[in-house]
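Shared between the two complexes below is chain A, which has chain B as its partner in the first and chain C in the second.
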Partner chain A sequence: MSGPRVNNADLLAPPVVQTIQQRSLVVGVVFAVMSIIGLLIRPGEFFPAYLLGFMAWLGVTLGCLAILMLQHMTGGAWGLVIRRILEAGTRTLPLMALLFIPLLFGMPKLYVWARASEVARDQHLQELTRAYLNFSGFLGRAIVYFAIWAVLAYLLNRWSDAQDNAALPDNTHRFRALSGPGLVLYAFCMSFAAIDWAMSLSPHWISTIYPLIFLVGQVLSALGFVVAIETILSRYKPMSELLKPDHVHDHGKLILTFVMLWAYFSFSQWLIIWAGNLPEEISWFVRRLNGGWGFVGLFLAAFHFAVPFVFLLSRQFKRNLPTLMWLAVWLMFMRVVDLFWMIEPTFHEQLRVTVWDIVVPVAIGGFWLTFFFRNLKGRPLLPLYDPHSREILEPAHE
Partner chain B sequence: MKRLAIYGMMAEFDTTSDLVAAARRTHEAGYRKIDAYSPFPVEGLADEMGFHKNAVPLVVLVGGVLGAISGYLLQYWISAVTYPINVGGRPYNSWPAFIVVTFETTILFAGLAAVLGMLALNGLPMPYHPVFNVPRFAFATRDRFFLIIFSSDPKYETAGTRVFLESLKPRSISEVPS
Partner chain C sequence: MDDRTDDVTVGSAPVIEPGYTFATVTDKISAIVLTRPTSVAWLFGFGVAFLLTMMMLYAIGYLFVRGVGIWGVNIPVGWGFAIVNFVWWIGIGHAGTLISAILLLLRQSWRNSINRFAEAMTLFAVACAGLFPVLHLGRPWLGYWLFPYPNTMKYWPQFRSPLVWDVFAVSTYFTISLMFWFIGLIPDLATLRDRSGNRAAQIIYGILAMGWRGSARHWARYETAYLLLAGLATPLVLSVHTVVSFDFAISMVPGWHTTIFPPYFVAGAIYSGFAMVLVLAIPIRKFYGLEDFITERHLQNSAKVMLATGLIVAYGYGIEAFMGWYSGNRYDTFLLWNRLHGPYHFWYWMLLVCNIGIPQVLWIRNLRSSPVWLFLISLDILVGMWLERFVIVVVSLHRDFLNSSWGMYYPTRWDWMTYIGTIGMFLALMFLFLRILPAISIFEMRTLLPQAEVKPE
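This part shows the complex of A and B:
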């Protein structure tokens, strides 16, 4: 690389990022040690918790990728001002690919179709495992998903980095050319991944809307995460000068949209299966609405949808970053509760939260955040030479 | 409202930034009953004018809540009270099936409340408006930007307000007859 690069120290992340990165690493290491104890003494409880933590943090990574492509398609200052946060989020993908490997060892503990003794007793499972749900298919498809996501994340990050070099020609059009097909590819890959990794926990059950709940949930996790990060960054330069109430308002509106979309998909799944009332479909809900799991379902309806929805209707609430931040963090937590409610009832008929359900997701989160903050430090917080950056640096009506 | 002979004093500007700066200074000078006109929406203008809330969001909320209640009660009344039919052994009051129509009536009532509430509160349709007494105001739909201080403002007085508006360096100043 030659030519003048943006080495403007004014646009780099504040030193507080270094502090949070170190603390995240400490949390990650401590909880990882506890997780390994869990793996040794309670492998049957460890792997469901590991799947929960993996899906939750993969959701933030891929949600960042989806919003990044979305903002390349739509344009707008709301996306440009958080673009470097989103890009740092997508660059955690290698970590998530690495963290996928333990799932391969946990397959017999997690998936009924991966246990030869049970497959031998069930003709339907024999057909499924022959055609689709088997180890080589599971691994091969996962490699394809991660490869496609990695190519998208790599190219978007590389081109964005090239923008910081003023000597290179303008490459803005390439982002859009990739992001349109990229969004379609992401949606297809994540749909298949949701079927492979989560829906196949109940291999007799199918729901066509189920993968969409994951897609929407991932974008919602990432939006919550971005609002939390921009709250921290906005206390310091340069974000304190870049982030305007209008941007925060837009982020609040997007959160409202995706809260409603999550409710729409979740409710549609429930309504269709409830109305059909077929034994092979309704069993999934019968398990999740009895034995104490019903309270988790009600909790989701109230605190993943109803209460956030009412708060987000208010204009003042959406424009006020300190209050919006609490709701954003809350929704990130509710995403984990939703995944918990979808995954865990497979393993226990009665509601129970094991210690590992908390320890393992926190361990993965510690490493994820360490990686994220390391990425965030590496580049200026604003792509200064992007043609639209002017709109952020100057008042709108001049 | 008592009818004043003079409706207000109007200043004409060439650019949006002039208008926004003028709106800011007018608000800072203590004028509260002011309005601005432009051919297209200008970002930040409402805030500089001392944007005040109106009752439309409340009207929409009330409309939405009424829509939700009436939509649900309509279905409940039909399915559980006047004409109960056993569908596959499901309860008469099958709330999951009622949610879809309840949602639709919520949106319908909220939408109607938004339109009717807006019309009721802003006084439209309005066949006569004094600002059109100024011939130059026709440019407000093309490429000029106007700021008006209403004569109902407590700080309004013919000479002083004109001096103040002149300090904003407008293209022209007109007194608007009622």
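This part shows the complex of A and C:
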């Protein structure tokens, strides 16, 4: 390296981040107050909405963790340029762990297997609650999941922080060594978390691909989020100088890949269950394709897959950040719709969007973003002393 | 995903050893075909493979005379070796398309030295695979009934059956792979035409090179065509084995009807495909002295792909077993018990050892760069993936819903002769390929040389 021409202070997040952080906090507080009203007057509607909001924002946090580990494994400028955004995203994990606690209080409202009266009437539920789906198991497993994610996030963030100190020796190899097993652990924990927190809403129903839809969805939400954030940051220094169309292009390609993977997994799940048509399996889809929910399903097929897919095929579209940003934000929204379609039909036979389905996810999002932006401005936006940073600071001639 | 980046991160092995020029690369690869004498080892290897092919033809001939009764298939196991081997071979084929198309789109230039023979491997593996379902038809000469065509029999395929989708998936796959392989060969065929001293070879290579002169316009069109074909071939990597997995998952047999099957089959296919790439690449680089072109880097990257896809396969086994237990469905629970403790339990445990246990040593970096170890682990994976298909097909079928219909499946010698015979045919075709076509893409290797890099202005 021909001696850095920049220093860490030049790479700090722009002041606009502070403004957004404050506004997010205001939104969070206002909507949280409304949510508490919801909890008091409509607990039966509040908790499903809370689960929706929790799963949606947990998806962004863990999606950031997954992409972070993926970029440590593959290398490449596309990942380095967004690494600090991803890291800030993973550091919201303590908030998500805290926000998990209310779910414990909502368990009887949410899960059939947590209601003694229903369990007493159902032999399978009795066996299942004895062996697996019970309060201590639910809590114990959640502690394990969060502990593992937290260790991964903590180490990756701490080592990355150490990189900002030029005096310390190069530690890049450590990221790789952790990220391989880390991805395995993440996938393992999140699969069982998806079973515990979402699939067990219908405890008689199983689908072996279901956890994978969550994994892919989380990465997709995080990609959408990152593209939205890099759009804001790219209007100001230093991101305006760091982010190149090639990086955006790569982000667009990743979004396309994960849109296709989501569609592939979701379609496979539907086709196999539809063709088998077994009562214990098809019931999940019967509920979700009737009573108005079918329109949500079609909406997902069209706007979570078909339309974004067509747009993302275009090279110009993927390289143009302002247009890609709209699609990215749209896909974040569609992730919430997909979760809504998976979670909410458990509680209502007819399509119904309660006011809490909007209020509670926004409240959680407000706090999430507050934390995120606080994390983001804490560190330079590029790990300057990472050996690959020169590729971004001094790009090769094209 | 830039190559320069990867060089720094990997730090050790280059994709091509230093000291080569455009001319020496061309010399070294084309010499295998043009100037080197046919070695005794080649003749011996080809001879053995050819004999095995003859054995297969004998087994098939006898099958035509006597019918599928000579095989071990019967009720309840109607899908025996034929389907096991079909899925195994199709899976092996997947690495070729992955390497040639997906890695091309991902700008992974290390693929350049292994894509050619990986594609050839794909074609030969698909050819072997395609034999089995046709032979399994019982009346293979009526195989064309699988295609929808206007006829006087008022006959039309059942388009809701995944078996019909298979016909289209596999034939499309073969066609696109062949096109991709052939188009990739054209510039090298022209090189062979120009360098060959033999008149007959000049004419044959000349015809195949389709008038290639290497003009700038040729290259521009060529690059476009190649990229477009890569784009077309990419979805096929997923679609073919997805459709194969639907053959099972669409049914209601416990052990077959599970939603994880599509991605899990695709991962398993790539897993066995890369294992076969290494099983072929390691001896080839040794015997033809190609260690400078197929370097430690290729071995390491292939090993990483195997490790990753192997973990996805392990995830598939794990989630399937967990859900079987969690669902409390008596048939699913029984299936799990039957795999672990039933009459075929030895093979299930072997499968777990071969596919999940042993390959975990690939986490060790030193093993990932040791050709001998990688060769052995790859063989182990090929065995494991064959056992996986055996367990899926036979163990799921032999004890279904009714105790009275349970039975056992024993392959006959005709089953074994056909299976081992296809391995012979596969190897015979590979030997011929090595002898008459450049096994490594000459022109793509030249682009890896430092001289080929575009200099900044």
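We take it that the second predicted complex is superposed on the first by the 389 of 398 C-alpha atoms of A that agree within 3 Å, B and C clash if a C-alpha of one lies under 4 Å from a C-alpha of the other, contacts with A are read in each partner's own complex, and residues count from 1 in each chain.
Following the convention adopted for this analysis, a contact is a pair of C-beta atoms (placed from the backbone, for glycine too) under 8 Å apart; a residue touches a chain by one contact, two chains touch by 3 or more.
Keep in mind that what you see is a predicted model, and the values were worked out from it rather than measured.
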Exercise. Specify the outcome, clash or fit, for chain B and chain C once both structures are aligned onto chain A.
Key: clash
Quiz item: Is A:A77 contacted by the first partner chain B, the second partner chain C, both or neither?
Solution: second
Quiz item: Which holds for A:V29: it touches chain B only (first), chain C only (second), both, or neither?
Solution: neither
Practice problem: Quick one: classify A:P387 as touching chain B (first), chain C (second), both or neither. | Solution: second
Quiz prompt | Of chain C and chain B, partner touching more chain A residues | solution = C
Quiz item: Given the touch rule stated above, what does A:L271 touch, chain B (first), chain C (second), both, or neither?
Solution: both
Quiz prompt | Common interface positions of chain A, toward chain B and toward chain C | solution = 271, 275, 396-397
Quiz item: Can you name the residues of chain B that touch chain A in the complex?
Solution: 16-17, 20, 42-45, 57, 61, 88, 90, 96-97, 99-100
Practice problem: Could you please specify the touching residues of chain C with respect to chain A in the complex? | Solution: 1-2, 4-6, 8-9, 160, 238, 242, 246, 249-252, 257-263, 311, 315-316, 319-320, 323, 326-329, 363, 456-457
Quiz item: Can you name the residues of chain A that touch chain C in the complex?
Solution: 74-78, 124, 127-128, 132, 172, 176, 180, 184, 187-188, 191, 195, 204, 206-212, 250, 264-265, 268-269, 271-273, 275-276, 278, 280, 387-388, 391, 396-397
Quiz prompt | Complex contact set, residues of chain A against chain B | solution = 246, 267, 270-271, 274-275, 277, 313, 315, 395-398
